[in-house]
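Working notes, structure below.
Note that the chains take the letters A, B, C and D in the order they are written out, and that residue 1 is the start of every chain.
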Amino acid sequence: MLLLDLLLMLLIAYGFGFLYYGLYRNLSARVHGRFGPSLAQSFSDSIKLFVKEESTTFGWMFYLGPVIMASGAVLNVLFIPFLNQGESLQGLSSYGNLIVVLYLMVLGPLGNALGVGSSGNPFGVMGVTRGLTRLLALELPFYLAAIGVMIDAGSADFGIIMQAQSTQSNMFAHPLLFAAAFISFLGFMGKSPFDVVGAPQEVYSGPATEFSGKFLALLMSQSAMFSFAKLLLMVNLFWGGADHLGELVAKTFVLFVAATFIGSVYARFSTVQSVEFLIRIPTLLGIVGLALL
Amino acid sequence: MDEGFIPYQQSLEDEEQSIKSTQSVIEQAIAWFRAHSMFVLAYGTGCGAIEMPPTFTSRYDIERLGVVGVATPRQADILIVSGYCSPKTLKRVIRSYEQMSEPKYIIGLGSCTINGGMYWDSYNTIKKLDDFLPVDMYVNGCMPRPEALIEGFVKLQEKIRANSSEAGYIQYRTRYAHYRANQERLFGTQVQPRYEENFAGMNL
Amino acid sequence: MERKVITIYHGPQHPGITGNMSVELDLMGETITRARTHVGYLHRGFEKLIERRTIIQAFTIVCRICVPEPDPNEANFALAVERLAGIEVSERASYIRVMVLEMARLGAQLLWMAGQSGSVGLGTVGQWSIYDRDLILDLFEQLTGGRVYHMYIYPGGVRRELPDGFLERLSALLDYLQKRLDAYDRLFFDNASFQKRAIGVGVVRGEEVLRRGFSGQVLRGCGFARDLRRDNPYLLYDQLEFDIPTQSAGDVYARALVRRAEMRESIRILRQVIAQMPEEGAIMQKLPKHRKFTLPKEDTYVAVESARGEFGYYMAGDGSEMIRRMQVKGPSLIHAFSLLEPLLVGEELSNVALIMNSLGICPPEIER
Amino acid sequence: MMSYLEEHYELIHKTPRLFALHVTREQLLDTLHQITTHTSFDTLSQLTCTDWIEEERFELGYMLTNALRSHNLMLKCSIARDKVTMPSLALLFAQAEVMERELHEMFGIGFEGNETLYDFALEGWCDIPPMRREFDTLAYVNAHYDFREGREDNLDVKEEIKKRKAAAKSAKETPSGA
């Protein structure tokens, strides 16, 4: 039964991940004043990449990169409960808590660094360096916000955190913590102005520069699932989770649209600037938020 | 192949119905996905690159067809050789093409790729792109309008869906000696590593 | 500890490069310690081709020298031939030429805006501005039959009469663009994230810049109001009112602000042209027959202000129907070598595209 | 500033804002030095070269412009085609370096003192420098590139035009629609 549940969770994450990616392309196309591709376009892209006849590789470490990254995303999805009540779609959340999830979020990028490093492409390595530097700066405010939420609920367990918000969601109870988490969430989603990692005008595609065919498809799928997991995390921590699937979709959608629109009107910061910014403003917000608890 | 450009282009544009009917359902589905997701390498080789921004942005919005630009050759399916090619550029174009993973296609944009165009008597531009690389679709004009480029993409989609054995990348493998000889003749001593050395052992 | 220096090629196949050229960079971490510009990927030998073409044949290829803004080439070619052959152009034709040049300048600035915003990952601006540039290209198509290459400004005048209602449509487009420029101000020029990226980057400063042959926004961005339209007037620019915007900071943002003001000035010039253009008049002088159209054995130099700086032609005739020598000097030649190379040293890798775009480097005019 | 030039040199007025001046190869550096110190023509904006093959000389043009960018002065210097070296101006003007590099490649002119005379636009060129008059680009093209076969009616354009004219003429003589 649990296995079936897990499978369902993965399917939902996969499906909605790609749907949201399609929506992202569509919505930003509307901002640009055009129609954009169909919603299923990114799904077609990933299928096409899976059936490419050739995929360049640079030895076994190179295979491991996307695989570790994908397993990080899968575990992330499985450890975050989709709903705040009931038995189904709870995944492995009873075996782990917020701290495990926060740890797992770092696993993927670190694993990918191994794979990219073995390709020897300077742009890939540069992208990974940028990614890890940014990750350090992103984690600080996000962890502060997460700690605040945990202190408030008195537990690191998702169920208890969500239950604590049944009267008032954390977004209104602790707006400063939410602001800190939201800004670093933008960075986690790779949205402007924090999209230094794969900046095409600077380092080609960053870490993905040398990945082709199946590897790229794997990276695409994991990033779709991973971004759904991040949306889920934000909804659970600050919006009190969801009672049923419909509410979940609505809440993640609103969050996603906000991130998309913000991303399409800002210029990209350079690495140093984004680290500086993240360490200053959201971290300060987080500290003040913690102090006000 | 008949002589002259028009029959040659006709042969590129012909939809190969007979082959299509012999495909299995899975092959057809794969071909459909390939035709509806085309990643274009962002390499503006010549002045045709000036009509690519309008094609890719809000006025003509070619992303509707599933065409997007990507930054690196590894991720790309389609290489647009946009206009005249000097030997110095051609070397880089060949290099980029060989780094792309199969199946891959080339669109020759502009008259200069077809017969040298305006620069037919210039000492530093090639006159016939398909001597050096297998071109899957030519779009003529100087400049070709964005509509013409979109038409080229639509024709190329048909060709990809027909899944022909004469697709450029297959020809580049089977008739490599021919292309290589032409490249060597043009570049003289400054040739690059052979294609086999790039793809040896990389087939998964 | 000795830090490792790696050498990478930024281009020619790179999304952050302005056209088909490359910059060889020595990097220490992400900081550039040495930069070398490489060109030649677009060399077509125009100057050789023109030596073996008659004047009419040469006219058709000069516009292809610079792709984003071909019309200064046509104007230069026509001005040089007219000066050597002693042809006077009618007032109406001159007005039409000014109109074409300003439209082209506006289009080139919009295209620059797409590149500059793209270099900092603000793709939305590019999508909008290329659409707006396309509306200008539509007018060009009505006027000349070509979107990008117009082959319109011909020695002796211009090639075709204005289509019916053209000036009204142009006027309507200017109203539209005026409104759009406000939108660009909000989204791009006043955007705090763009300011954060652009201020203090790629600084050109000092009296010395005048001696080094720079032109265009590089000079105007560091406080020198140099514009050939005013300093060395050609066509009818001495009869039109316009300002030369300047900034004093000399960085990427200053050059962007100069361009922003220039777009408004172009619109102002175009409005004057619409108001002042004579209704009637010849647009073309009577020229000698194709094979009899010869240039005397003399030489001259003409220059116009393109959207990126001084665009000059040296032309020498030899008494035959061919042009003996025509040498093109675009602003990018100096900017891409003697300005870009030292400017990049000490900058971060992420600023390369930013700086290149702000200098408006256009490779086809460097190597022709 | 004009008065100084007119006093010391034989100035050719081409237009009200464009002047020319002939100098010999030996005088060049000295004249440039004098002009840049005594007049406001202190910027090198272009370096041109014209090949007068029938007179056995290259004519180099040093285009100077003033700080106001309002006037241009061209220093013209003829050198023999076989003895093709010039003193480099790289120390005087930083921008001269790349201009000389281009002329070196296109005409084969050496510039003494310029360290950067390596490939500019061409890569591994081993023919005659292409902008020299004796270099025949069409012959080079025929030797190095293949042309695509034209359409059948395009192979001999003159014949074809004649044919079409004759056809049009005969069509006129026998009015259609009868």
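Definition applied: contacts are C-beta pairs under 8 Å (C-beta built on N, C-alpha and C of every residue); 3 or more make two chains touch, one makes a residue touch a chain.
All values derive from a computational prediction rather than experimental measurement.
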Far-end chain from subunit A, centres as C-alpha averages: D
A-C or B-D - the one linked by more C-beta pairs in contact: A-C
Whole-Å gap separating subunit B and subunit D, where each centre is the average of the chain's CA atoms: 36
For subunit A paired with subunit C, centre-to-centre distance based on mean C-alpha positions, whole Å: 43
Centroid distance [mean C-alpha coordinates] between subunit D and subunit C, Å: 21
Separation of subunit A from subunit D, taking each centre as the mean of its C-alpha atoms, in whole Å: 59
Residues of subunit A whose C-beta touches two or more other chains: 32-34, 200, 204
Contacts with two or more other chains, residues of subunit D listed in rising order: 121-123, 130, 135, 137-138
For subunit C, residues that touch 2 or more chains besides their own: 14-15, 40, 43, 45, 48-49, 52, 127-128, 131
Touch-based graph of the chains, sorted into line, ring, star, complete or other: other
Footprint of subunit D on subunit B - complex, ascending: 3-6, 87-88, 91, 114-116, 120-124, 126-128, 131, 186-190
Touch list for subunit D against partner subunit C, complex: 14-15, 17-18, 20, 42-46, 48-52, 59, 61, 63, 67-72, 74, 93-95, 97-99, 102, 106, 119-123, 130-131, 133, 135, 137-138
List of subunit A residues in touch with subunit C within their complex: 28, 31-34, 122-123, 126, 192-193, 195-196, 199-204, 264-273
Partner subunit B, residues of subunit C touching it in the complex: 12-15, 19-20, 40-45, 48-49, 52, 60-61, 64, 67-68, 111, 114, 126-128, 130-131, 133-134, 137, 146-149, 364
Residue ranges of subunit C in contact with subunit A within the complex: 6, 8, 14-16, 27, 30, 117-124, 127-128, 131, 187, 191, 193-194, 196-197, 348-353
